[in-house]
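The next part holds the structures, each set out as structure tokens.
Two complexes come next, and they have one chain in common, chain A, joined by chain B in the first and chain C in the second.
After this line comes the complex of A and B, so read on.
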């Protein structure tokens, strides 16, 4: 088990290295113009461009440029030249809002999706299932920015049930923290609820035909015990995989739209503003930050997977 | 003596997209205490559906079930789900065909056995697990103390089937339904599992309903045999009578298709020509007529299942035996 975890973490390092090279190539090498001018930002004077070139070692060979950029990103020395702010500090400042948004939304979408998916599968073909199917399709089809705008317009502006966004730190007031985050949580969760509940429904319907479910019924377990302990339990394995991927993606940048519309000063909003100003250093760092989270959660899920499916631990194939 | 289990005119049909499939069409048989009754027939003859219907596992919105399954003075077919559930696993247990897929891969075998125990008795988990160890030992699993904590994939096929049997025996059932318990196993393991079933049958006096298509298994284990064809019983007799004097042409065909060591090696094994009729639209007359070598005029009418000789327990469904007897 420990060896499995160590191997997985080593693999993660390799993937991160590959991503960092690609990020470097995309930002510094592929665009056919002076990287120093682009990193310096819009309307930069020649002196600033020269300073950027010196800071980032842009007059040296590509491997040295790569190492310099990575050293700056990972030691937190990367600065945004146009706003004169330290990028790592800004990301660090944005983390509480982003994590509050993402963790809350993730808990919400998992809970609701499992509930909906379970109900759908148990009542397959009947009214509840059909209603939930339509609801899921609607949820998957709604664009986040549109849904966010509609929620804000009707529930914050027209009815004034909820505040119009902005983040209140958890340490300041847990109640207001949650109150301010309810709409963003719902917005971010809707898409995933739709998607996950559909996947869980079909997993459960497949699992219901498994021989071990028949065995469980033959043992004399109640329908509910059979469904929860055998059908649902075994159907959760692919869901957890999906969750690892999606949660990493949401933390690492998927929440840009939600944070922007609700004006939550998290990492996503920071990235969004950097895009607006064509400010490259924050984008480099946020891209690496996002990649890091996606890869990290994937590794965590793989390790968790081994707990969910004992066959993985011996290196056997995943369940079909 | 009233039989342990008495099945009368059992009919099971499933509504499918193609029409109504009459999987089981009027099956009757008795199982006495301590008796092993084998139900034999080729794939799709309705033997597994019969077995699963005994404990209500085929109940579903698209299934229509009629007839009766009398057990301990109650008709299991009309028993509500929650009452039937108290019998399932506790007094009538079942072992399935494929031990590779019949155990849940994500739970330890001990937990799965304990779950069966705790479904019927309110005992603490630790006590149920101790009982699971004893059960594993009783079905011949070496090192049960350690094995109880293993997952199904850590067992071989034969060992998994032993686990299944241990689980089925957990609550000391009066009836054990074994649905092709040896089909998925290789031959030496088959023999071990059959030995185990025989021991359990004789030592614990468990009645066994054995579903199989393997006449070798029947000869090994069964007291009585029910031969099924296309959803119906075509012959029913004690195992000795069936092997000595098979009456129905289908039974004779089955027995003739057993390869023999003392016969000359021909190029092909003997077989019954043709394939069973569709259960969507079974023929009106004798269902075996299309494959039978001795068809005559009467075969267009459905033959009844009756005793054609002084042996009142030897029944068959053939017009020809009626004529010759």
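After this line comes the complex of A and C, so read on.
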């Protein structure tokens, strides 16, 4: 067990290093314009460009530049060039909103997806199944930001059922916190409900032909008990794996669109505003932290799995 | 089994045995919903391709032409295309401004058609890039194994670790600033090739991994051994022995990938890291329209509906295609 964890974490470190190099290359090397002018922004004067060049040590070799950048990011000294704000501080400030959005949406999408997927599999081929299949396909075809805009327009502006976005801290008022987050939660959950319910449906249909299902029937369990205790439980394993990947991806950047449209001042909105201002340091930091979070989260999920399922840690099948 | 209709009653078809492609086509044809949505996608594509015709003969304006100060006659009254408080006219049954105007007085119908061309163009070309890269990488990794596989798989792992949207934004923002030069080839910052290349790149791991997995299993099969015994080289084995065996997976993935690409394009364009003005795409149209959603909601609703319809048609068709090409699907359908 310990050996598996150590090997997995060692693999993770290599990937983290590669990610940091790629992010460095994207933001400092690939584009063919003066990096100092680029980092300084669209309408920079020569003085600012000179300051940036000296600040970033751009006259030095690439490995030295890389080290300088990494030190700035991890000691929290990276500052935005358009507002002079500390990037790490801004990201830290945005975390409560982002986590509230992501955790709430994740709970919602898991609950609804399991419910829909189960119904769909149990009633395979009948009306409920077809209706849910169509809903699921529509769900995965909706652009998230458009859905957000449409919900805001009809439910907040036309009918005035919900507030028009913005985040209320949980500590300030739990009721208003939830009330303001209902639409964003739904918006973010729709895509995953569509996706997961389809996966669960096909897993359950496959599992229903397994021998253990026949055994369970033979020993006299009711249909309902067989489905809930045996079929559903076994079909959940791939869903939980997917959940680990997707939750990491949502926290690590997938919520940008939802936060931007609903004006929730989380990490995603911060990154979204940086794009408009072509302010690169915040984007660089958010990209790096996002990818780091995903890799870290996946490693933890993998180790948890190995802890729960001996086949994974004994067979060398784990990725990375 | 459906009786052969006129279009596929080629003289050779009933003499020879039925190939997997014939069987797949027969299965696909029975799936009316999938065929219907496939036709819908073609109709949308034709609609968008007809953009210059509509612009020239019906609307008499271009996609980027402003008409802020123009007036047109609606119900016999002369009306400002954009009212004095900045609200553009909405949809109505007429040749010009069928779907209304935007804040700059541009014809939404014309922009919608041209924007669709851009969106579909990006979706399809990016899917071609993803498919070619993923098949090459997946095949090399799966066929050679060893260090080739180790290197390629690690590269895929690293790209895969990035959130797709963030990687797209990072590349989109930095490349737009200075453009890109590959060898002697110069690509300017507002070129459509930038979103195409970015979107084509970020989805490669999602396809290359399954391709690699299939090749790993296939290369142990006897027909590969037979090909080696006949003296075929690695390249010929990959192209003429292995490729035909994964082509159905590739086709299905490519179809669904176009849908995903169009969603990613719209998201990047909405955030300002995709298609650059003055080019219209459905994503940039929503980004523009969203600024005035409370006074002119049609500017947000119409292009969004087009994205949903197009992506949905590709998703349903791709789903049907998978059922038709995957032999296990018959079992699933009859259950």
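In this section, the second predicted complex is superposed on the first by the 308 of 320 C-alpha atoms of A that agree within 3 Å, B and C clash if a C-alpha of one lies under 4 Å from a C-alpha of the other, contacts with A are read in each partner's own complex, and residues count from 1 in each chain.
In this text, contacts are C-beta pairs under 8 Å (C-beta built on N, C-alpha and C of every residue); 3 or more make two chains touch, one makes a residue touch a chain.
Not measured: the values here are computed from a predicted model.
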Chain A residues touched - chain C or chain B, whichever exceeds
C
According to the stated criteria, A:234 is in contact with first (chain B), second (chain C), both, or neither; which is it?
first
Quick check for you: in the superposed arrangement, does A:217 touch first (chain B), second (chain C), both or neither?
first
After lining up the shared chain so the two structures overlap, which partner does A:271 touch, if you call chain B first and chain C second: first, second, both or neither?
second
Look at A:15 in the shared chain and tell me whether it touches chain B only, chain C only, both, or neither; answer first, second, both or neither.
second
Residues on chain A touched by both chain B and chain C 319
Interface with chain B, chain A side, in the complex: residues 210-212, 214-223, 225, 229-230, 233-234, 237, 308-311, 314, 316, 319
Interfacial residue positions of chain C with respect to chain A in the complex
154, 157-158, 161-167, 169-171, 173-175, 177-181, 259, 263, 266-267, 270-273, 283, 286, 290, 293-294, 297, 300-301, 304, 307-308, 311-312, 315-316, 319, 332, 335
Within their complex, chain A touches chain C through residues 14-15, 18-19, 22-23, 26-27, 30-33, 38, 124-125, 137-138, 140-146, 149-150, 152-153, 157, 202, 205, 249, 252-254, 256-257, 260-261, 271-272, 275-276, 278, 280, 283-284, 286-287, 290-291, 294-295, 298, 319-320
Hey, which residues of chain B end up touching chain A in the complex?
52, 55, 57, 81-82, 85-90, 93-94, 96, 98, 101-106, 115-116, 119-120, 151, 153-154, 164, 167
